[in-house]
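Listed below are the structures to be examined.
Here chain A shows up in two complexes: once beside chain B, once beside chain C.
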Partner chain A sequence: MTETTRPVLDIRNLRVEYPLANGDTLVAVKDIDLTIRPGEIHALVGESGAGKTTVGNALMGLLQAPGKIAAGSIVIAGKEINLRTGRTEGIVPGRDVGAIFQDPMTSLNPLFTVESQLCEGMLTHLKLSSREAKARALELMKAVGIPEPERRLGSYPHQLSGGQRQRVVIATALACNPQLIVADEPTTALDVSVQAQILKLIRDLADQRGVGVLLVTHNMGVVAEIADRVTIMQNGAVVESGPTREVLTAPKAPYARTLIAAVPPIDTRLDRLPVPSEETQVTLDARATVRRKSAKSETGSRDEVVLSVRDLAVEYGGRGLLRKTLVFKAVKGVSFDVRRGEIFGLVGESGCGKTTVANTIAGLVTQSAGSIDFEGTALGGRREKSIRQSLQMVFQDPYSALNPRLRINAAIAEPILFYKLASNADEARQDAKTLLEAVGLPADAGARFAHAFSGGQRQRIAIARALGPRPSLLICDEPTSALDVSVQAQLLNLLKDLRDLAGLSMLFISHDLAVIRQMCDRVAVMKAGEIVELADTETLFTAPKHEYTRELLRLAPSVERIMGRELASA
Partner chain B sequence: MATQSLMRRLPPVSVVIASLVLVVMLVLVIFAPMIAPMDPRDVASYSLMDMEIPPVFMEGGDSRFLLGTDNQGRDLVSVILFGLRISVVIGLGAVVFAAVLGVVLGLVAGFFGGVVDSIVMRIADIFVSFPTILVALLISGIARAQLSAETMLAWAPLVLIFSIAINEWVQYARTVRASTMVEIARDYVRAAKVIGLPSTRIMGRHILPNIMSSVMVIATINLAGAILTEATLSFLGAGMPPTYPSLGTLIRIGNQFLFSGLWWIAVMPATVLVILVLAVNVIGDYLRDHFNPKLMAR
Partner chain C sequence: MIRLLSVRLLQAILVMVAVTAIAFVMFRFVGDPVASMVREGATQAEKDAVRVALGLDKPVLAQFVKFVGQVLTGDLGTSYRYQQPVTTLLLSRLPATLELVIVATVLALSLGIPLGVLCALKPHAFFSRLTQSATLVGISMPTFVTGLLLILVFAVNLRWLPSSGRGDLVDIGFWQTGFLSLSGLKSLILPSITLALFQLTLIMRLVRSEMIDVLSSDYIRFAFARGLPRTYIYGRLALRNALMPVVTVTGLQIGQLIAFAIVTETVFQWPGMGLLFTNAVGYPDVPVLAAYLLFVGFLFVMINMIVDILYTFIDPRLRTR
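Right after this comes the complex of A and B.
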């Protein structure tokens, strides 16, 4: 086997360009080199817009017009890609290069059974008979570890869970014995426990079948978990490349160092995440003003309970008039307290009911049983104006959280005026300006519309808007999960500063244990609508009691757990 | 290069022409009393002596009457200008009435959902299950029976606007309801709710501006439909009376002489009607593609 040493993928000086409408050219990928040997997993990391997905698309011939490979060469299994067509003679995507995409919910066609999707490639590329194809499909289903493979072959995608679907996608990618697999964020849409299984599966495939894997991801934990080599990209260019351990523990390039330092560690709590601070005198002055104005919320003592949730239950459906409809119990009897000035964390996998709890407290959903006590008032369907004012929320998706037709100033000033916290529009605009400065944005940002801002900036605006009514409890529902790590780190620092500033209590919801560890004083772990463990953050992370908590902690991919503590001390 | 990107943003030629046609027609409509050679509502200004004169380009034409005269000796240019005016006013009126009614009901139905939604949308279903023309004939018939001839004359345009709008609002309500349901699931609306803003304010200030583009598109396309419906009703005799003729009334009058060689009395106003509706439709289609790029061919 002389072929084993020949790289399955060899990229030299690859340059991908997109001509823009105004005649300029956007260089999405700038002269990168990348080599993958059989059985090697090569991770491509970077923040959004770094060009990592474009590399994957370029080598699969999936570049969207008008994007084109402008220069360089891509050699897949010894065969060179034709730059003009973007395709390689003798290399068929799907046969020689397998693809695993991010979202298992949309990468399978909902109208066909698993079997027909698995066999499709084999029938066209390998010219197998349908009997042979079916036998091989069964074999693949077993290889990717789907329970009851015979029965699952006849299933439609909607009958499978997210993890099972991603396994089917992997099986499809493997169907024609590819030498190279491009996995673009293969586990981003999955829960940690499923993620761990899928990552192990990909690692095994590389080891046992000698498949080369190009793993595109933004998650350093995933890189540490399975990658042999890693390439860090920024603005289309390679910043650093090398063996995973070397790059992650002793990054040389300044950007690589910042990027790795911004990843919140799961095993230690840092006072602040080590990212460049954007704090200026303007920011500090603005925060002092905000503190002076919101003085009323600092009256209570530190241990006073602000929010008390008892046996909260929420059901969806079941409101059919004529016939009984299926009732889904999203939350089944949850109890916890949030004390003044505390950040209380709710953590759990998707579907565990943590967002429903937040929505119920915020008044977006009505509980079916149990009580919510907020500053001594029981919250039900209708709420006093003063209650609504002291309870504000920051949402997950910064791209839909701001009204696209409102200027930022108007959006922030609206609640201030509504609660009569300013006597006139001018004063409210001044307050909006101060709030913008307090969250680290320039005061003139207020004159623009939401689309002029990046995700991180929008989330800052959303925080400024939520602070306008001078709340005593801020609900943060996955406030950073849509953001890049360095932006996430800045926002987490900001939220901590604001808590200290106004004696604000926070209910912080996240699926990311590392983020929870950095942010929260106490944590409740939720599973299937119930709290399985509630403890001080340090206690929970160092001595978890419940089996489920232990499992979550064990499975969370973490750079420092795998690499030891030799990380560049930040 | 800059000119090239500017070119790309310009609408196609057909839309430019349609817009010009529409602008010219609107100017003519607004300044009709100043432009028209005579006032067709003033009986003293025309004479039966001039009846049935063909257009100037035909043998026997009279330079005073560019497009000829009708059976009462009225100048067709003047009659058409005033008729166009009535058609446009009724069309616009019906669209505005229907849009306001439909947007409000659609917003409320989409925002509150549940029982409110069911009630509003079932009412809409009932309304839409009657043919527009039938309802309009019915309403104008009732109005005609109840009101004296004098009052009917003054009220005819309002009755027409009402009869047309009463069916058309359903389309707005349905579209607005669907768009509202999309918007209320977005975080900025949820944020407005958590901030504690009252429902009316969330609907008016946050949701409405974000769904207006689809309303504008329907309104433009509906304008053409409303003008046509008005013309149909007037043609059937249930619309504007011959003393205050709209384009439809003119076509009805002309229709009686169509086969006696006096074709211009019907064809001239009909041509204007076709041009008007075509121009509005071209613009409406363009707006629809413009605001909903998914419909465009790739």
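Right after this comes the complex of A and C.
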């Protein structure tokens, strides 16, 4: 066997177990096989709890304490790893396996310079002198494409942008010349344009240096973009494995098929995303009740403007007793209308001001200029109770959006009672139960606390809570970006159903163009606090006018576009 | 950086003006100073003469400006009780308190930080549990009880260490130090342990909880994923992050100790500022109390400034602002 064809990683029958407190064992990884050749990018895909991160952690030597490797073998670059102790004995992390983490904002130590963090590993593993290490650090900085590498070596992490930080992280991963790199969701925390650059960098490094990459991700678009092979995991076991194109275009296993189908496509609009529906008769009945109760919001005609935003500007800072702090203009003169029953999308990269717009409309931030007109009332800092009732919000992170000490019933009944929509607590509890059923949760869910639910279920609860006060406008700020694709698909379907149900208008904020395309009737693209393009969704996606919109569309990783292109050229 | 410093300086001056105003008001609240200065049965003319001589006939604002001027030149008035300038009194007592506090703080830091780190790294080890419960006793026992117990064991029963006073002092210019004589050093041991115990517990628990937080952070996991030596990760990468709040707390604690080491100083008859203050409250010696107020205000303002400056040295994120 020659040096070039010898796999950099060969996993056979790997089994990782976590002993539980009650004496049982949780099998996190069930007898998986995985081989990576030099220069190959192998994607490990699955939803949360599938065990993909556990595989990555086992290789990086980061397996959490009670967890242990129970069986199997791992060979890294021809070196057999001793697994008898339940850990990867003999692997030197950093030297044998490089690591790339998810969030570059937190994976670098804020108190040390880039140079110090780059050199540490080389000083430890390669026994370089500090001069040699510095020279090599400079080389690495150039290799990962950081501008002004000499100056940047002396910088602290906070002085670099997210993309640059991730490049530094990649440079540290390469520092000791490992033949295998484990990249755990390396672009999930990044904007699409930065994501595209980082993915290209990883692809180039694999091609040029012959490094094998294990890419742990949940994003099928990313997989389509750079992976050579893909392995799909479910509940710790491999359900399908093969060349990327084969798996993504013609998945064989039923789970693989559902998973891929649940990914919202960016170039076609589907009526509903193809996921198993959870609509039982109970759900339908509950929705009918909700519709009857919220009848007041159906009075207006469909074309009536519910929310009208004109020249909205929001500034942060600028105040201060003794000195003027820097003024940051988060939103610079934004205008748009939301009509009754419409889902209006705001899309843009992080920092473009889309969340600030949402918060201003919701009354969490006060505008510095411009007007917000909601159902004929001008909104300022202080608001009528009826206005606050008609504007409800669903937040991004369902884990922190629910009070952990309130039972679900109480959490949902609270706003209903506050706005006096029920005459007594019993009636409010009944309403809460109906709402829970309407969002597809069992009626007994109300007796439990938030921690008993998964992320998707919690988001359903958050939606039920928002619907309680019978709003006419629902503001959804990235409602599905913390969730798995199949859960996301179900929630998107749910939100669409609810809109149709009660003539609810929605302001839907997302960074994900595919989600926007599936959900919205009209879209505004934001960049640096301004709307650069506003159009009907179909027009925007088929004939984008602004350069920035075209750029976003071009860079968004998308399974069917990449695969379609490859199939066409084949 | 310079901007940050100048802003902090301006804030410090504002605080000091406010404190000075309060100290000034104190004189006016605690009765008429003229009445206590003239002889009994003095005529109104005599009283007026004293009033004019003291400048008390002038408007309040003018009096305040004069007071500020005196404070700035270091003139804090004359003690009613000791009939000495208050400045001299304070300065003669300051070395005793400062030496005690410095030794106590060094003790608390040099034990508290390593113990805190150990307890964070091995939270379930016997040693960690023992330390945790022992320091819990330390934090819940009143200072005077600790002090008296220590005196009972080491001074009365074992006769190893003196129970009160500062021992032999060596004069170096304006400063009388106990560091340079054996009896001076021996005298420091018991009171500084008494004073350090509470601080030690506080620092240990703070370091422990901060360290536990930092150890679960991504950058520490990333450091492990790079295969760096454990001692390096704990002792340098993690500890530096964990020490940030310790700087603030230690700073404030030092201020607290200098200003209010009263109990310990009373138990050990330590001739420091706390003792001066308690005596002044009993008398009531208003100039001393006012001067004390000014001194404590000044101390905390200074410590806060020093802590802010230290922060910019430790945390690069604050430098560029």
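Things worth noting here:
Please note the rule applied: the second predicted complex is superposed on the first by the 555 of 570 C-alpha atoms of A that agree within 3 Å, B and C clash if a C-alpha of one lies under 4 Å from a C-alpha of the other, contacts with A are read in each partner's own complex, and residues count from 1 in each chain.
Everything that follows uses one rule, which is that a residue touches a chain if its C-beta (ideal position, glycine included) is under 8 Å from a C-beta of that chain, and two chains touch if they have at least 3 such contacts.
Model, not experiment: these values are computed from the prediction.
In the superposition on chain A, contact of A:159 is made with chain C only, not with chain B. Shared-chain residue A:469: touches chain B; no touch with chain C. By the document's definition of touching, neither partner reaches A:65: not chain B, not chain C.
In the superposition on chain A, contact is made by A:400 with chain B only, not with chain C. By the touch criterion defined above, A:124 reaches chain C but does not reach chain B. Shared contact residues of chain A, touching chain B in one structure and chain C in the other, are absent. Chain C meets chain A in the complex at residues 3, 7, 10-11, 217-229, 232, 237, 240-241, 314-317, 320.
Interface residues of chain A facing chain C in the complex, by the touch rule stated above, are 60-62, 92-95, 97, 99, 101, 103, 106-113, 120-121, 124-125, 156, 158-159, 169, 172, 175, 322-323. Put simply, chain B touches chain A in their complex at residues 1-2, 4-5, 8, 186-188, 190-197, 201, 205-206, 209-210. Contact residues of chain A toward chain B in the complex are 21-23, 362-364, 383, 385, 388-389, 391-393, 395-397, 400-406, 414-415, 418-419, 462, 465-466, 469, 475.
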